[in-house]
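In order of appearance the chains are A, B, C, D and E, and numbering begins at 1 in each one.
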């Protein structure tokens, strides 16, 4: 069962992501990305990382995809985008070689074997509990820093998307440099 | 005695510096007078020293240390022994005469003051050369006379370069440079000789060196002897470094008399005489010296046979006589060489000064074909030159007879009959060309009139100044015995063998015969009028002799020109095209690599991302390589 | 039974797909999709290792990666909006002023 | 005054900084005064120098970076003393002769900075401090060449800077390696030369270090084939730049050989006599030929510098007191003579704005004083006895003769070829008729030029006749150096070649 | 069943967090002030930021060395403190560059200063830990803030720069986490002290080398991106050009020293264990970086862009020290960056002072070489000061960077990599060319006719900053001894 689910999910995820990276249509790309994310959360559930699965669903499918969707609408990019894509040969050469490299690295049997866990998953405790336990002790500081990071991201988003960026003080001449005020160069 | 030594040595220097003070001013008679007087002082001091050496013994003084480094300690030390005393006396005497003579000769020259400054400086250098008590001190004088000679040959530096056909010496400045550079070539040899001495003896003092001669290996002595002789060859213009001497006649005639006849050119002979303990130890080298000398004697005489240039003829004769001296010195008869040196100084200086008178009269015309019959207007000059020529030709009882004859005896005595024969033959040639000159200039038809010259005799005091030389040219030979007694205090006495002694009357007769024969031929050919034969002048031997065996042209073609071309190649083809271009090439490669690599910075983000992925792959490949190579 | 390697290879392949997307896309929005794929690939790897070794650290890492991804999206979209408003395009071929 | 060396370094430095505040119209007087005071100070240094002591004197020691062994460590011995004096002298005379140039103030200040660096190089006994001054000297020189130079001044200036900079960086690596070895052996860091001297390095290490240092020094000297920056630098530099460059900066290279290579790597130095000697001979002969081919007076003098530096290198590698003392003396004499020659070329350039020999001819008649002084310098340059040029050249060649007679004979071509190009220069410019109309009215040397040139001519003759006051202290120090090298040498070859003078042996 | 967890506050060692808390608090304070009162002048925020950083500096100084805190996530060892001090000094000196006489867009936001402080907090977290998660979070916090700060300059160039930096940063983040995944998979831990132990133990296992090196490789891509090693450097010149001069100067120091510390923790671990492949990867990257970037710098037409390549080259130079695995080498990194800080600060401040709003000299560049032509005539002091910075960058003694170079090369020589030392030396010589180019323009070329005052953006604070830079650059030799012994001490107590 698990095997079947894995392969199904794997193939689906890979396929969907391939659509994401190859499709010319933004909508398809985004949809398949979202679908892939959902399926990944499925993988997480299979792996017993329930908390992670949920977070994946909420954050990715919920927040991230919603953001992208808004962005897409803003960019008026619902249809097919025209791209002057890189020659396929180069892309697949680089992609293929990196795939080979990564697979060689990750397929090493040494990974995950003979490993003593530093935070052993406690027996008889469900995953969110266990995660919470570690997150709010050991990883409290990173957690708080992540909060700062999100704050930074928020401020950044607000500033960058804000109206105030429309005119650039860096280009408006002040005082003695009064000519050619505020002309955009591009 | 020390005072005398320094007086003799530094009086000319003082004169030179005094004259130099006025060097850039218009003519001041004072300079001529003062330098001449100081030279006279020097001459008197030298004579006193000669007397002192004769009756008391050699003098040795040390002024101060010069170069002291490592084990090398070179002082300014001066040694007046028999040889030096003779040299000093000869040098100062001729110099004094020439100085006084120059007062008249240079009367109208713009560089009058300068001339005396140089001339006195030369005398000082020459005195350093002969008085020094070590080889490096000798080298100071050696180079010093070289520079003074350079200055004086190029005295009329303003003359432009002309073609070799117009003037074989091209220009005074050219001749000066040629002389200096030729001498430098020889000086390198001399320096090497000095180095050899230093590193094997540990000192350059004559006494130390000669004391060490018995302890040195034969090969080393040969090397030292040869290298020192190379130095001597330059100064004394021995073949193949002889070409500069004839060209040096571009200088004012008093200079030719003093430097290029009487004194400087004999420095090489002096060196061999001075280093006689060394040359005595290696007779092979001595023989080589003699052979070179003999060769030069006839070689130079042959060139004098056909030349038309008054001074050049005398210059070749000087060369030839230097050959005689080397022959004598090389064969071990050092005192004979010195004797001939002194005698030659007197009569040759006289000859040159006479030639100067002629030039003066002829407005610097030197072509003897354009003269003739001058004895009418220049009686005294004619007499002087006649006497000098007789001495040069070796006619009894003039000075040249005694000295030259002795050389021939020595050659005979050493059983080097080849040398004897050549020298004997040369004696004939000498007589011929000397009197060819005399007859063409003073007898025969008055050709100068066609060219519009108005010759006249020179000032009275100039003629008087020449008198001591004229006197000595006649009587110096009579004091041979005294001379021998004196110098053999230092130099080895040379005794001819019994057999030679018996042969003497015959030898003398034979020698006199050929000399007189030469004069007679000249008389027959030239005493009436100048006879020129187109055919003879067009013949190959004549042209070879007239063009100095084509040696100057050869030198120019083989050395000077290729050197200039090679230098040009070294600069333009190698230095700029190879060495510098390599450096610039590296810089260019770097810069072009910059231009090439900056293309990866295409500005396109997509490319950047590709590079990043590619970079990761490249790193992986690198890792594989490193791991594979262990 | 599925081995850990299976998951890891999946992660590797997904990452490679992400790389392909990143180097292929010229539209910045779609390029950002591909970066999400890359981060997700890592998430799978962490979750899988975590699960197979019984260690929670991996899940922590994955959790933080998700947070980072979210933040990146926020900043990234902000940037995209900015440049879209200014220049009306998201095609990165149009942003090649800075080069050399 | 115990700390006179610091005064010598910092006086011009402070003066240069204060110079910024001096008004341009008075800057010449300021410059001359400062340089004169500095020169007087160096004379004082000479007077208070103990000539009988071969070691370092006036030592100053002050830790800078003690944990890394970098110290402000100064001292002079007979070898460096006179180069310092010469540096101050040439700077003074250079400033005296400065014509009307643009931005005179900047020039004076640059020169004072340059003087700091030059004096610093020769008095520092710490490798890093030495390197500091060594590199810093490039900067003012860059400015001088690049701003006041001729047509291609930028190219010349950059080439000069980069070339020497590259070489000295390799040398720096070598220095760091020596320090590392010192640290390995003793456990302490030190860049003090006196500490390094005590270090006996393995032969193989010596060998590569020798080349590392060699590269730095050889480019500075400059030795063939690293010499091509020099003609450009000289050709483009203003007169003062050439004077300083030829007189002092080039000496840094040969001084480096004496100060670093010989005592630190005696075995390697001996082992590489052949290649170095061959390079030196190439320098002597080849560069003399190139000099002969030049059309530009200044280039002749520039190439002649390279040729003479070849003799200095030969003397340095003679490995006996005669040769090394000779080479040190030759450094001084070449500094004075070539400096004077560049000044002289500058004189004519000021008047005619050309340096091509074909433009002149017959100058001896028009400018007799000029011709006289030029002639004296020319004779000194070709090494006439009783001029300063002879003593060093003779001793250098004599010293090297002990090592290799054949190579000395080849090196001796310097005597001949030097005469060839110098005399042909003199003939082309000074002899013959005055061909150019504008040359007929050239004024002779003026008071300022005479003020600079006459003392130089006097020195040329004085030290040629009586070199003892200078040669004596040099000899003492060099003897000590050779003695030291002999003690330190390991290979039998080195023991054989290094020749300690008898007097030293007896003293022992 | 879950056990209750009891954690003693003392054991948490909260003091280790204090520097970051200060700076985060300061950022929040700025945001708060902005909320309460709009339109306050930027000078207030600048000074507030400096004060906050000053307090932060004090807090960092007062930290005990080699203390861990908060479940061992925080690690305040010597190198961490050193790096934080460097970061703080740099930040304190760069932030006053906001006080220009001209207005620039970014400084009109109070948030700019908040973001700036958050960024510093991110950097501090990054260095004050050996936990890969923490490093990652800190890195992203700082980076996201940095991207925004660049974009806030609000010129076409800065937008493009931000986009490029951001996108490549995202990709690099992907590599980082993949690498971390490998490391985690091999050891079951993301804490480097643990990781090192497990690696030591498992080194001999067959087949271990591939993932071991592979992980390092992936991490190296991310590190290489941040410290701008070729070929991961491509963002650098563009971003430097697009960003404002203070930002560019800041980027040439702070993110790099931060990432260097990470590299010391991560890559040096491999080198220390004797993984030759990693050592060689570092060396080759370093050599390629310094060489190629030098060559590219030679052909630049813009001073700022040239300085971008120059800082790439310097990064490569320092990176080489990382492969040596000696205390001296690690110390040299800090020494180098400490000295580089002042020189680059000065150089970029000079550029900033000469900044006009319009591109007057070139259609694309703000600071083409021509702009500085003949500066010695129009502004002698400026020319001399700029020349001092250029000479320092060249490595001409006695200016500061010479000592840095000296020490790095010395470390290289000590470690036996003489060829590498020679490559470094030759590269310094090549580099001299382009620094010299500016000097040539300033001193040796005539001024462009009709040029107006070049110091368009000058103000007193900027002058002060330049003054400080000059003072340190010139007199660095006198602080070398204390600096060196402090750095040496700090590095060696950290066990490097």
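Convention: contacts are C-beta pairs under 8 Å (C-beta built on N, C-alpha and C of every residue); 3 or more make two chains touch, one makes a residue touch a chain.
Predicted, not measured: the structure shown is a model, and the values here were computed from it.
Between chain B and chain C, how many steps is the shortest route if every step has to go to a touching chain?
1
What chain is most central when centres are computed from CA atoms?
Per-chain C-alpha centroids ranked by distance to the global centroid put D first.
Count the C-beta contact pairs for C-E and for A-C, then tell me which is higher.
A-C
Greatest Cα-centroid separation from chain D: which chain?
Most remote chain from chain D, centroid-wise, comes out as A.
Compared with chain B, which chain's mean CA position is the farthest off?
A
Could you tell me the distance, in whole angstrom, between the mean C-alpha positions of chain A and chain E?
Roughly 27 Å, centre to centre.
Just curious, how far off is chain B from chain A if you go by their C-alpha centres, in Å?
99
Per the centroid of Cα atoms for each chain, what is the distance between chain C and chain D, given in Å?
65
Please report how many Å separate the Cα centroid of chain D from that of chain E, as a whole number.
43
Could you list the positions in chain A whose residues touch two or more of the other chains?
86, 90, 94-95, 98, 101-102, 105-106, 109, 111-112, 115, 117-118, 138-139, 142, 146, 149, 152-153, 156, 159-160, 165, 184, 186
Mind pulling the residue numbers of chain C that touch at least two other chains?
4, 8, 11, 15, 18-19, 22-26, 32, 45, 49, 53, 55, 57, 60, 64, 67-68, 71-72, 75, 78-79, 82, 86-87, 92-93, 95, 97-100, in rising order.
List, in ascending order, every residue of chain B touching at least 2 other chains.
Within chain B, residues 587, 598, 601, 603, 605-606, 609-610, 613-614, 616, 620 contact more than one other chain.
If you go through all the chains, which pairs of them touch?
A-B, A-C, A-E, B-C, B-D, B-E, C-E, D-E
Please name which positions on chain C make contact with chain E in the complex.
4, 8, 11, 15, 18-19, 22, 28, 31-32, 35, 38-39, 41-42, 45-46, 49, 53, 55, 57-58, 60-61, 64-65, 67-68, 71-72, 75-76, 78-79, 82-83, 86-87, 92, 95, 97-100
Sort out for me which residues of chain B touch chain C in the complex.
Result: residues 598, 601-606, 609-610, 613 of chain B touch chain C.
Would you mind writing out the residues of chain C in touch with chain B in their complex?
Its residues touching chain B are 19, 22-26, 92-93, 95-100.
Taking the complex as given, what residues does chain A use to touch chain E?
By the definition above, chain A touches chain E via 101-102, 104-106, 108-112, 114-118, 122, 124-125, 129, 133, 137-142, 145-146, 148-149, 151-153, 155-156, 159-160, 164-165, 168-175, 177, 180, 184-186.
Residue numbers of chain A touching chain B in their complex, please.
Checking each residue of chain A against chain B gives 86, 90, 94-95, 97-98, 101.
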